[in-house]
Every structure is written in structure tokens, then in C-alpha cells.
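These notes open a run of structures that come right after.
Same chain, two partners: chain A is paired with chain B first, then with chain C.
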Partner chain A sequence: MDPKSSASIRRVLALVRKDLLEEYRARYAISTLLVFAVTILVVVGFAAGMDPLPGHLHSSFIWLVLFFAAVTGIDRSFVKEEEKNTSPTLRLAADPDVVYAGKLAFNFLVLLALAALVLPLYVILMNPPVKNAPLLVAMVVAGVWCLAVTTTILAAIVAKTGTRNALLPVLSFPLLLAVLTTVVSGTTMALEGAGFTGARQELQFLLSYSVVMLTVSWLLFPYVWND
Partner chain B sequence: MQLVFESVGHAYGERAVLSCLNWTATAGAVSVITGPNGSGKTTLLKIASGLLRPASGRVRLVVGNRTLEHGAVRREVGYVAPELGLYDRLTALENLAFLAAVRGQRQSRDQLVLQLQCFQLGGSIHQPAGALSSGMRQRLKLASALLHKPPVLVLDEPTSNLDDEGKVLVRKVVREQAERGIVLFATNEPLEVTEYGPQVLRLHPAGAGAGP
Partner chain C sequence: MSWKYTLGFWFFLSIAGAFVYAPPAMGLGDLARIIFFHVPLAWVGVLAYLVAMVNGVRYLKTARPEYDHKAAFNAEIGLVFTLLATVTGAIFARHTWGMYWNWDPRQVSIFVLLLIYGAYFALRSSVENPQRRARLSAVYISLAFITVPFLVFIIPRLYPTLHPDPILNAERRINMEGRMLQVFLAFLAGFTGLYAWIAQLESRVLRLRARFKR
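This part shows the complex of A and B:
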């Protein structure tokens, strides 16, 4: 790796480390996300009772929890910089691409941690039939990555507005609708025992979506962040 | 080295705070900016540091043959202002280490501790920034702003929260910086205006005007 790239990675890692350290000490995002996710799981668990649910309902519930948890807590990554007036400090110190990459990596890690907690909890409480666990994990990782890519740029935009809390879910929904229907379909396939070949279209769509969204975000972010 | 303001103007909605300001701050002397509240001192400093894009005109930093504008100026600036936040959950040392790392500076722990000691924060390196007094936070901001030895130092009322010892420290920092670069020093203290002159920009609420 050339020295310039490794220097950039070190700067991104410094930002991720800072955000993780703040999160560990304050628990801004994870507590909001976790309380939200567990509440929905318990309510759904009680509502379903002992009746077995079909696979597509299980996958819908899993992604409802992850989607709403994401749009509830992820905006904190930028909002906290605005509220604490540290965004000018960060703008003076770091290039926009470093800030974007660092915030995206942090949001992805937080959502991944949430999925790692929610998914086993869902399996314990709801007992869905998981027939292809590796595909289920691949779907969750791909879906969470798409959620992180989309909500990171939206969170940066929303942080600059006065109506922060209300805007992120409203803006996220149309952008993530196609992702949600695709991951629900892919997750249903994983629960019902389809192979990776059967879910190839879903995985290809998620990959393509994230590449397009990442490119657009990368181009847009300096304008959002600098001005 | 020069920081050149060319026909700089800015407004917040209908309220114009700066209009057609032409002014040059040069290295080797302290450039004092003064004027009553609402005259645009902070706006001017934000524009100078690249944090705010002026509504009209431009600001150029000329260093030898290089000319930098707006976003590129930002990396060359150390900025200390009341509205500039610190990471309250991180300790003083972690704040400094983070800002150095994210700028791409490779600083050892000893170098960072030394920097904090220079600003009389040696006893508070492991205290969260949120637990520091306003005067100590101001010192930490100064230590952070000067960590990368910027050619331009922008100070917005830097002595407002400081005790006498802190004010002496600021005076020393300003003098040292003026020898190797540009210092923009915004203040309303008549004594500071007299002390750091003669390069003084006096702003007026309705617009801007430069002069001794």
C-alpha cells in the first residue's frame, strides 16, 4: 500500500476510534438502538404467541427492527458534532473524505453490533426456522451495509437542519424501500433453505445499490460538510 | 506571507454584517480586529479560517509562490474561539491525540504531554475535557490550535476566560506566532488593542471599515 493511502487509513481509523470511545463512554447510539429493538421484539413475541409464523413475516419483523433502529439512532453520529460544536473543530482538522469514511465505518460497526445482538435474540424469542444460516448472515451484513451507506449521508444532511429527529426516517424511507424489499426477500430465502445461487439476484442488487449510493455520497459529502 | 481579503461581504438573511471589505493581514505583526458586538468580528474570523464561505469576494492566503483559498486555507489555520467545541467525553490528552491523528500528524505521547505542559495543563492530561474549567478549556483549545504549527493563528477573544497567568501565556503565544506567521486577534479590550497594534481593523455594525 502506498504511503498516502496508509496515512489516509490511519486518519480514518483515528476518527472511528474517537467515535467508538465516545460511544463506549456515553452510549449515545447503542442504548437508543437497543432499547428500541428489544421493545419491538418483545411486543412482536407477545403478539405472535406460540403460533408459528411464515418465513416472510419473520424476515419482515427482523428488518423492521433493524430499519427503525437505524433511522432512530444513526443520526447521532453527525448531530452530536453539531450539538457539541465540535463540527468546526473537525472541519478544520480533517478532510471531508476522511470524515465521511470514518462516520460510515462507525455507523456500519454500530449497526452490525446491533444486528449481532438482535438476530440471536430474535431466534431465541421467535424460534424462526433458519435453514441456511450462512446466507442469513450474508443477507444481514449486506442489508446493514446498505442501511449504513444510505443513513450516513442522510444523517450528515439532517444534522445541518433544525428538524433533525423527524427528518431522517422521512428521507430514508423512499431511498431504502427497494433495499428493504430485497433484503426481506433474501432473508425469507435464507430462512426457507434456498442456496446462495437462488439468492444471487438479491445479493447482486444490494451490492449494486451500495456502490451507486457510496459513489453519490462520496461526491455529495464535501458540499454537505463544508458549506 | 499574507492573508488577503478582497471585497469580502457577508449577510445573515437580510442583515449585512460585512460589506466590501478590502484588507491585508501580514506576517510579522499582530493583526487586531476590533468593533462592537454585531460588527462582524466572528464572521470575519470564520471566513478567514475557511469555515464560512463569504457571500461575496474572496480570501487568499499567499505563502511564497503558493496561493490558497477557502477549503485549502483551513489546514493552514489554528483557530481558537468560544463557539469551537472540544470532545467533552475524551480526556485532554485524548483530544489532542485525536486532532493530531486526524490531521495526519505523527506525534508521540511524550510530545503531546509536552504540548499540554506548555499550556500549563500537565496536571489535567487525564481529565475529561468536559470536567475542565472554562480557563483550562481555553488553554486546551490553544494547545490544539498550535499543535500543527499553523502559519495562520486566528484568535477570537482568547483572553476572555483566562486568569492573569493565562493572559501572560496568550501574550507569549501571540508574540511567538507573529514572528513566524500571521495572527488575527479579535478583541474588545482597549488595552489589548493598544498593546498589539498598529495593524488594527475597526469594524462597524453597518458594514466594515479598516484603519488605525
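This part shows the complex of A and C:
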């Protein structure tokens, strides 16, 4: 590996480490996300927890919780840099590519942690019939990856606006609707016991969506970040 | 000036053609006449979106404010046309499928187009600084643009739709009676002309405003 790219990888890792350390000390993002997710879960559980629900309702509820929890807190990763006025320093210290990759990795880790907490909780509270657990995990990871890719650049946009709140759900919903419908149908398949071959189309869709979104975000991120 | 009268005459002829000249379609009857309005409206809604996106990208490349203004007014025009296409589509759905709205994949796609326009204006109104507003909204409209193929071309392939075949269908064939096709093409040209006329008026307003500011 040439020295330049290994230096950028080291920078990305340093940025992720810094964000994780900050998150560990303040626990801002994960506590907001988790409390929000638990609130929705409890509302859903009170309303429908006793009844045996069909698979597609379970998968819509799972993604309702994950999507809304994600879009309420994930813009913190950029908003905190603006609020504490650390973004000029970050801009001097690293290329936009490095910042983008670092923030994407951090957001993905936060959302993975959220999903890792929410999914078992959902299974305990709502008793969905999980017939193909590996596919369920694969679907959740793929869906969360698409959420992270889409919301990272949108969070950077939101951090630059004046209002900074309630804008991320508005901006991300139209972009994520294709992902949400696909991932809900894939999750339904996993709950109802389809195999990986049955859900191949859904996984391919999510993969191609995330590749396209990642490439375009990569190209457009400098316009948002360098202000 | 000549634009206005030409378009007025053209629409007069086209509307007369839609109700008198074109025969009722097989199966759908007189109801099919709504496609003369619905499809061109949806086409302009998408076209204006495309033009707005192209102007957004041009703004990112050149940082000249007129491209941002162009992107914004094209989005405004596109929003109106898309709303009208949604309403005409819902009327058609009510009389053929039994309800105004049933989350058909086509309805989902046009609904998302409306949402994108809405989010675009929400973003614009929340940024004070004009350069920053221009840049952020250009980035957003380009990002939204790349998700459109997923919705318009891929989702309807994955899920069944009740929507009649699009005009450019998979077999690349036009399934329309000759006289209906003439009227349809007349409307397509007419609505595209209407859009061009509005866009040209808007850019004249912008030019005049820039001159009087100086």
C-alpha cells in the first residue's frame, strides 16, 4: 500500500476513535437514539403487543423504530462539530474524504449498536416469529448500512443550516423510501422463513443503492463541508 | 406575446380534439381521455425536476447565482405540475380501481417526487446565507435525483402495479389508436411549451430584477 493512502486510513481511524471517545464520555447520540427507540417500541407494544401479528406488520414496526430513532439523533455527528466550533480545525486537519469516511464509519457503528439493542428488545417484547435469524440479521445490517450512507451527507447538510432540528427526517425520508420498502419486504421474508436465495433481489437492491449513494455522496461532500 | 397567443390557440385545438376528435378508448371508454392531461403533466413535472437538478450541478461547478435561481424556479414549476399530475392520476384511480389512493408503486413514485420538492423548499427556507443556501440545495437535489431511478424503474419491477403501461413500455411499442396518439402528442407538445413559456417569463423577471438592483 502506498504511504499516502495508508496515512489517510490512519487519519480516518483517528477520527473514528475521537468520535467514539467523545461518544463514550458524553453518550449523547446513543442515549438519544435509544430512548427514542424504546419510546416507540413501548407505544407499539402497548397497542399491539398481545396480538399475534402477521410478519409484514412486525417488519414495518421494526423499521419504524429504527428509521425514526436513526433520523432523530444521527445528525449529532456533524452538529456537534459546528456547535463546539471544532469544524474549522477539523477542516484544517483532514481532507473532506477523510472526514466523510470517518463520520460514515462512526454513524454506521452507532446505528449498528442501536440495532443490536433494539432488535433483541423487539423480539422480547413483541414475540415475532423469527424463522430465519441469519437472514434477519443480514437484512438489518444491510438496511442500517443504507441508512448510514444516506444520512451521513444529509447530516452534514443539516449541520450547516440555521434551524438544525427536525430537518433530517424531512430530508431523508424521500431518499430512503425505496430502501425502506425494500428492507421491510426483505425483513418480512426473513420472519416468514425465506432463504437467502429468496431474498436475493432485496439484498442486491440494497447493495446497489448503497454503492450509488456512497459514490455520489463522496463526490458531493466537499461542497457541503468546505464552506 | 406571440407565445401567449400561440399556446392559447394550441390548447384550444388540443382540448377540442381531446373531447371531440379522439375516439373513446377500448375498455376504458371516455375515462381514457384523462391521459391526454395526466401523462404530459407528469412528464413536465419530471422534466422540470431534471432541469432544476442540472442547474444545481451547474451552480456547484460555476458558483454563479443565476443557476441557483433557475434551479429554484424550475422546482416551483415542477411542484405545480406534479401536484396536478397526482390529482388527475387519483381521479383516474378512483374510477378504474375504486379508490383515489391505494399505494400503487406509480403513486408511490409520484408521491416521493412531491416529497422531494417539499424537502427541497424546506431546506431552502432554513438557510439564511444565499451562497450557502444555493450550495446545500444543489447538493440535496442532486442526491435526491440519483434515488429516482430506484423508485421509478426498479420498485415497479419488484412489486405488481395496476398502472396502465407507460407510454415508453418495455417492448418499445406505442399501444395507442392513431387519432388518440395525435391528440396525445399535441398535448405533450402543448404542456412542454407551457412549461417553456413560464420558465422564460421567470428568467425575464430575474434579469429585470438584477438590472434594477444595480
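Following the convention adopted for this analysis, the second predicted complex is superposed on the first by the 226 of 227 C-alpha atoms of A that agree within 3 Å, B and C clash if a C-alpha of one lies under 4 Å from a C-alpha of the other, contacts with A are read in each partner's own complex, and residues count from 1 in each chain.
Basically, a residue touches a chain if its C-beta (ideal position, glycine included) is under 8 Å from a C-beta of that chain, and two chains touch if they have at least 3 such contacts.
These figures come from a predicted structure and were not determined experimentally.
Residue contacts after overlaying the shared chain place A:88 against chain B, while chain C stays out of touching range. Of the two partner chains placed by superposition, only chain C is touched by A:220; chain B is not.
Of the two partner chains, neither chain B nor chain C is touched by A:116.
Legend: residue contacts after superposition of the two complexes on their common chain; A:9 is shown touching neither chain B nor chain C. In the superposed model, A:207 lies in contact with neither chain B nor chain C.
In the superposition on chain A, A:161 contacts chain C only, with no contact to chain B. Contact with neither chain B nor chain C is seen for A:124 once the two complexes are overlaid on the shared chain. In the superposition on chain A, the residues of chain A contacting both chain B and chain C are 227. Chain B meets chain A in the complex at residues 49-51, 53, 71, 74-75, 77, 79, 81, 83-90, 94, 98-99, 101-104, 144.
Taken in their complex, chain A has these residues touching chain B: 7, 10-11, 14-15, 17-18, 21-22, 25-26, 84-94, 98, 226-227.
Put simply, chain A touches chain C in their complex at residues 153-154, 157, 160-163, 167, 170-171, 173-175, 177-178, 181-182, 185, 201, 205, 209, 212-213, 216-217, 220, 223-224, 227. Listing the residues of chain C that touch chain A in their complex gives 60, 108, 112, 115-116, 118-119, 122-123, 126-128, 132, 135-136, 138-140, 142-144, 146-147, 150-151, 154-155, 158-159.
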